[in-house]
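Alright, structures below, take your time with them.
Next, two complexes with subunit A in common: one pairs it with subunit B, the other with subunit C.
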Partner chain A sequence: MSAATASSTRTRAPTVHWSRVVLLVTVLALVALPTVLPHRAIAMVTQMQIAALFALAFNILWRQTRLLSFGHAAFFGIGMFATIHIMRAVAARSAFLPLPLLPIFGLMSGLVLGVIVGFFATARTGTYFAMITLAFAEIIHQLSPQWEGIFGGESGLSSMRMAWAGLSFGSDKEVYYLVLVWCLAAMATIHYFTLTPLGRLAFALGDNEQRVRFLGYNAPLAKTFVFIVSAMFTGLAGGLLAIANENVDHTIFRASLSGQVVIHTFIGGAGTFLGPIVGATAMTMFSSLAADLTRLWVLYQGLLFIAMVMYLPQGIVGLAVDCAAHWRWRELGPRLPSLLAVLGGIILLTAGIVFIAEFLAALATNPFARRTDHGVLTVALCGATWDGAALATWLLPLCSVAGGVILTRLGAAWLSHAVPAGVQQTAHG
Partner chain B sequence: MDFVAVSLLNGISYGLLLFMVSAGLTLIFGMMGVLNFAHGSFYMLGAYFGYSLARYANFWLALAVAPLAVALIGAFIERFMLRRAHQHGHAHELLLTFGLLFVFEELVKLFYGFYPVEYRMPATLTFAAFTVSGIDYPFFRLFIAVVAVAMFVAIFLLLRFTRAGLIVRAAVHRPQMVGALGHNVPLVFLAVFALGAGMAGLAGTVAGAFYPTSPTMAQELGMIIFVVVVVGGLGSIEGALAASLLIGIFSSFAVGLDWTLADLGTPLGLDRWLSGLGGLLTVRLSTMASAVPFVLMLIVLLIRPAGLMGEKA
Partner chain C sequence: MMTGEPLLELRNVHKSFGQVEIIRGANLSVHAGERHGLIGPNGAGKSTLFNMICGLFNPSRGEIRFTGRRIDGLTPERINRLGLGRSFQITSLFPRLSALENLRIAVMPRFGVRLSVLCRLSRHEGVNARAEELLHAVRLGARRDVPAGELSYSEQRALEIALALASDPFLILLDEPTSGMSREEAVHVIELIRRVATGRALLMVEHDMDVVFQLCDRLSVLVDGKVIASGGPEDIRANSAVREAYLGSLAA
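Up next is the complex of A and B:
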């Protein structure tokens, strides 16, 4: 997030070869993945890729120009609707276009909406910019259910993937590869964009807009262009989801989708290129897996987000970058105990909070279901039955939380003793 | 005529309710520079606390205790969360309140379930204030307005005529200068944040009994009060009052209007042709009413970001 973090990612030239190796391995793994994954998991990974592209496109604005948009669901949704309309035309034989090219229409619709919104929004900065994007998104959100011809009313629109060049696009695997190719191409393009003169100018705009103006650049115009690029790729991500899901309705414009991409990006690390990809991938997987286990996963995601805002503002990837920049392998040994203390503390804290939340949820949702003879409430959790009236039921998780907090704090304190001043500065910058 | 009178009354009552919630939001923004996404959550918490207290005790106790509880939560958030996020910058404070919005909604779902709860107004207040064209006008709408006006008067007197109010007003405009003069600005921030949360909580306790009390109420109202504080001018209490009444009265009238955009062409004889185009042009204004506040907010942001009565741009 900070200037220090951003510059440390920019100056990490010597490790670029390692990152190429990692990149190659990741791409190969992604190509090989559908051969080993079960059916349902393939669809999940497809969703993860789309979420990653969405977050990455969103973060073009946030990372480079420091403009926080709360309305990116608009571009994502418009991309979905545009692509669905073209798919319907293709299915009705009134247009002849190969399916793999259809996401282009998502991209183009995002571009058009991006020009309109971007022109107005980039006239302001900070809170006012956020409010303008929010207002635009909310206008579309409120109007879309009324405009049946375009947004399909309450039931939404659906279509089907038409076969092309011997590919039926009927299986999850074919869709997976279609999405993978588009996502990789788009991510590479976005990475290349950050290296172009406009991309570099965008960083400068985020750092000090006034200085950019003094240098003779048209700052609002440059910001508008960056906004359009972000909207365009967001529309592309929407187009890909339209192809994967084959249907869409007006709820795609809801404000919580705009919020979700903010959360994904922040958890991954908004100050880095990889942050949104990692954040969106991890959180989509987390939500998909956790939704099967507990209905409280949105609460856990919210708590995680708040904890990150307060204690780890640079995000997961930002933390990794900081560590890579300042730590040496040989320093790991002396730090290991304090690292383990932090890790153990976090685990204890999480376990305690999850236990209390699940227990309360069980108590609140079915207060009569498991009433015993003595009139006390018991809940089966973690393979054991817990008595709601017993002191231990509450004391145990509370001790776990308290112990976790103490352990994490102690560990962090030891860690900062052993760490040179540079890391501290970056961590709090 | 009756339609106008009843709509006007409804609009003023709803507008005053909006003001109760947005007053705290705009004060907090003026002082801390943070647009509090979780402010609608305070309104929701007030309603749910009120519901619980009214269920196990009575409505009047709820009216006294629920806002206090919400104010305490607000104080906790300011003291232990926002102050920590403040080190990382304004954007992080904004994000923190944004996360709180999600967490509060989920917590309410955890304890009270996904569906609206039956939070009813007390029987002693459920009577008709008067009758218009054979339809009883509920007294409770007037009660909401009375509570809002009482609160406005109290806040106005507090800000205008007390020493504490003087410091708060100064801190809204120049927090650093007030700090330099030796006042405890962080304490002022804490107090104003708690007060703002408490006012939103009071609004929730009162209005929750009349309007539906559900987990989505925080997000729905949160959006509208953003419109109110932006249109009124971020940081301006008088602006918030004017904008609240404007939006409240507009919303209540819009429900009864069946104009369409195509009707705009009537003077030019184009209405038939425009209706033929269909789409948004034939949608009735009453169904588009929910989008109009946001259009208004957009126009204000683009043309006069300081709002109706704000001074900061």
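Up next is the complex of A and C:
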């Protein structure tokens, strides 16, 4: 037995070592980032961190306990409102609290709402659980515009960050560091949670709730506790956004925010700890950058989500984990052509779809689309003018899509041909 | 011979699902330290009876007593805490957790750390010691870090039995512990049960007559929702009603 332990420590040692190095480098990079980034980018990275914490808190429920919540906007929003109210009290000098501690109120409000919603929702699992969370969030969404005293009506509530201990919190940089410290501490705590008795039990509940009951546990109570932990950290993320934005209105409770955190989590990889962090970071950056380029970015996000769930359900991080487990660096060479084929196929496919979508959107919405003599519309796109009646206008993107599909499939088939059976199993499992 | 109150006692238990009455007045008693086999033809209601004892269903009528108190109507977790552990016919583990972690989850209620978030589970010495002990009792020491979902079938069955033992119960309910096993695997598991169940009462459902007659010192025969006979293996073999209703049909 001691031999077995020794050998398992020996094989595990380098992995732990490397993950720590990566973690350290990432943290150092995050600390150094504001010194090199422009102002607007600092604000964006702040938003990315908050979105990452939100998704990570959401995924405590799904990854461990297999409970899919469609109402997490409620906890995020309540955390924002609670924190804004405290900020207003501080600004009005009726409370004396340092700004860096205020996100605690977001956390506590998430906790309280988590107790209430969790009590009802965790009495059920699966679809019924999802329905209850959705219903609670929708109730709050519908009531919030009417309760002006609490939620500030249509215009919402604003406040300002008050200086504390020589820090003005007036610049993006100071806010960035405040959010960074909170996010890192919260993420470390959530990771620790997964190792505690309740955290391990949460995995057991997700695997086999009936067995947990036959081992003498009160399963609904245990699920409620896990729910509360998730709601608590979601409220904290909301509190951080309240500090960063200095305002909030009732639209924060919209169902699309609850949906967004699901999308972030599944694109990143819902089965892994890091998945939601990576997914939320990538998609927040994508939406921020893409929103400048096109109004259709929500469509692209949706298409990406559908494609991921259909063809890569394990998500970005899940794919990376599979590859790390089954691939060796020396096998990369022979696989390179097929990988490039897949990549090229995806690029062609994306280009074709984007062109068609933008063209249709321009036709449908652009009041300046010009009628030609033949009564057909032309649209300016990608630095050229395209005739809606010309065959080439449609043939070109359609060929691109078709070619992309063929190339991707060929590449994938070629790739899986060279891959041992184990990888295939994991990919489809 | 059987003195004192039985550990488990079923008195005139009935169970209906809709119009269909599955259990029609079953009486059964299991004494401390006894290895009791519950046999009967398919559809006799053995699984239903099992599920009522462990609290998954409530009886429609009658009462179930365990350690001197009524347990019908209690939840499975309450009944487990009174000292009843069970295994499942269809392997029922936590596939994402390692063999050792499955056992940690199973033993931690005994150490009062059910829903704690203040320590790492893997650092809890009492839990670790007891989990390792059980792991070695079922000879899975070399597989401690393998996810339960990746263990072989007979290893999963062994872990299943270890989970039933984890709460240190007075009575263990085993639902077809050798189902789906080869003869060699079955022999191994019987040996395992014999070894780990010493000092505890055992109630098992089993289709394999060889297994039942080897392992059990007392048998009850359930036919059409009623226990038609209870006694030692030789009595049961000799019982004409049993031969007619059950063994006879096998011999024919």
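Here, the second predicted complex is superposed on the first by the 407 of 429 C-alpha atoms of A that agree within 3 Å, B and C clash if a C-alpha of one lies under 4 Å from a C-alpha of the other, contacts with A are read in each partner's own complex, and residues count from 1 in each chain.
Just so we're on the same page, a contact is a pair of C-beta atoms (placed from the backbone, for glycine too) under 8 Å apart; a residue touches a chain by one contact, two chains touch by 3 or more.
What you are looking at is a predicted structure, and each value in this text was computed from that prediction instead of being measured.
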Item to check | Contacts of A:333 with subunit B and subunit C, given as first, second, both or neither | outcome: neither
Checklist entry - Given the superposition on chain A, which partner contacts more residues in subunit A: subunit B or subunit C? => result B
Next on the checklist: A:222 in the overlay: touching subunit B, subunit C, both, or neither? Say first, second, both or neither.
Outcome noted: second
Checklist entry - Should A:38 be classified as contacting the first partner (subunit B), the second (subunit C), both, or neither? => result neither
Item to check | Contacts of A:138 with subunit B and subunit C, given as first, second, both or neither | outcome: first
Next on the checklist: With both complexes superposed on chain A, which partner does A:150 reach: first (subunit B), second (subunit C), both or neither?
Outcome noted: first
Checklist outcome for this item: Residue overlap on subunit A between the subunit B interface and the subunit C interface 1
Next on the checklist: For the complex, give me every residue of subunit A touching subunit B.
Outcome noted: 1, 66, 68, 120, 123-124, 126-128, 130-132, 134-136, 138-139, 142-143, 146-147, 149-150, 255-256, 259, 262-263, 266, 296, 298-299, 301-303, 305-306, 309-310, 313, 357, 360-361, 364-365, 428
Checklist entry - In their shared complex, at which residues does subunit B touch subunit A? => result 29, 33, 35, 81, 84-85, 87-92, 94-96, 98-100, 102-103, 106-107, 110-113, 219, 223, 226-227, 230, 234, 278-280, 283, 287-288, 290-291, 294-295, 297-298, 301-302, 305
Item to check | Interfacial residue positions of subunit C with respect to subunit A in the complex | outcome: 54, 75-77, 80-81, 85-86, 88, 92-97, 101-102, 104-106, 108-109, 113-122, 124, 136, 141-142, 144-145, 163, 166-167
Next on the checklist: Per the contact definition, I'd like the list of subunit A residues that touch subunit C in the complex.
Outcome noted: 1, 4, 8, 192-193, 195-201, 203-204, 206-208, 210-219, 221-222, 225, 229
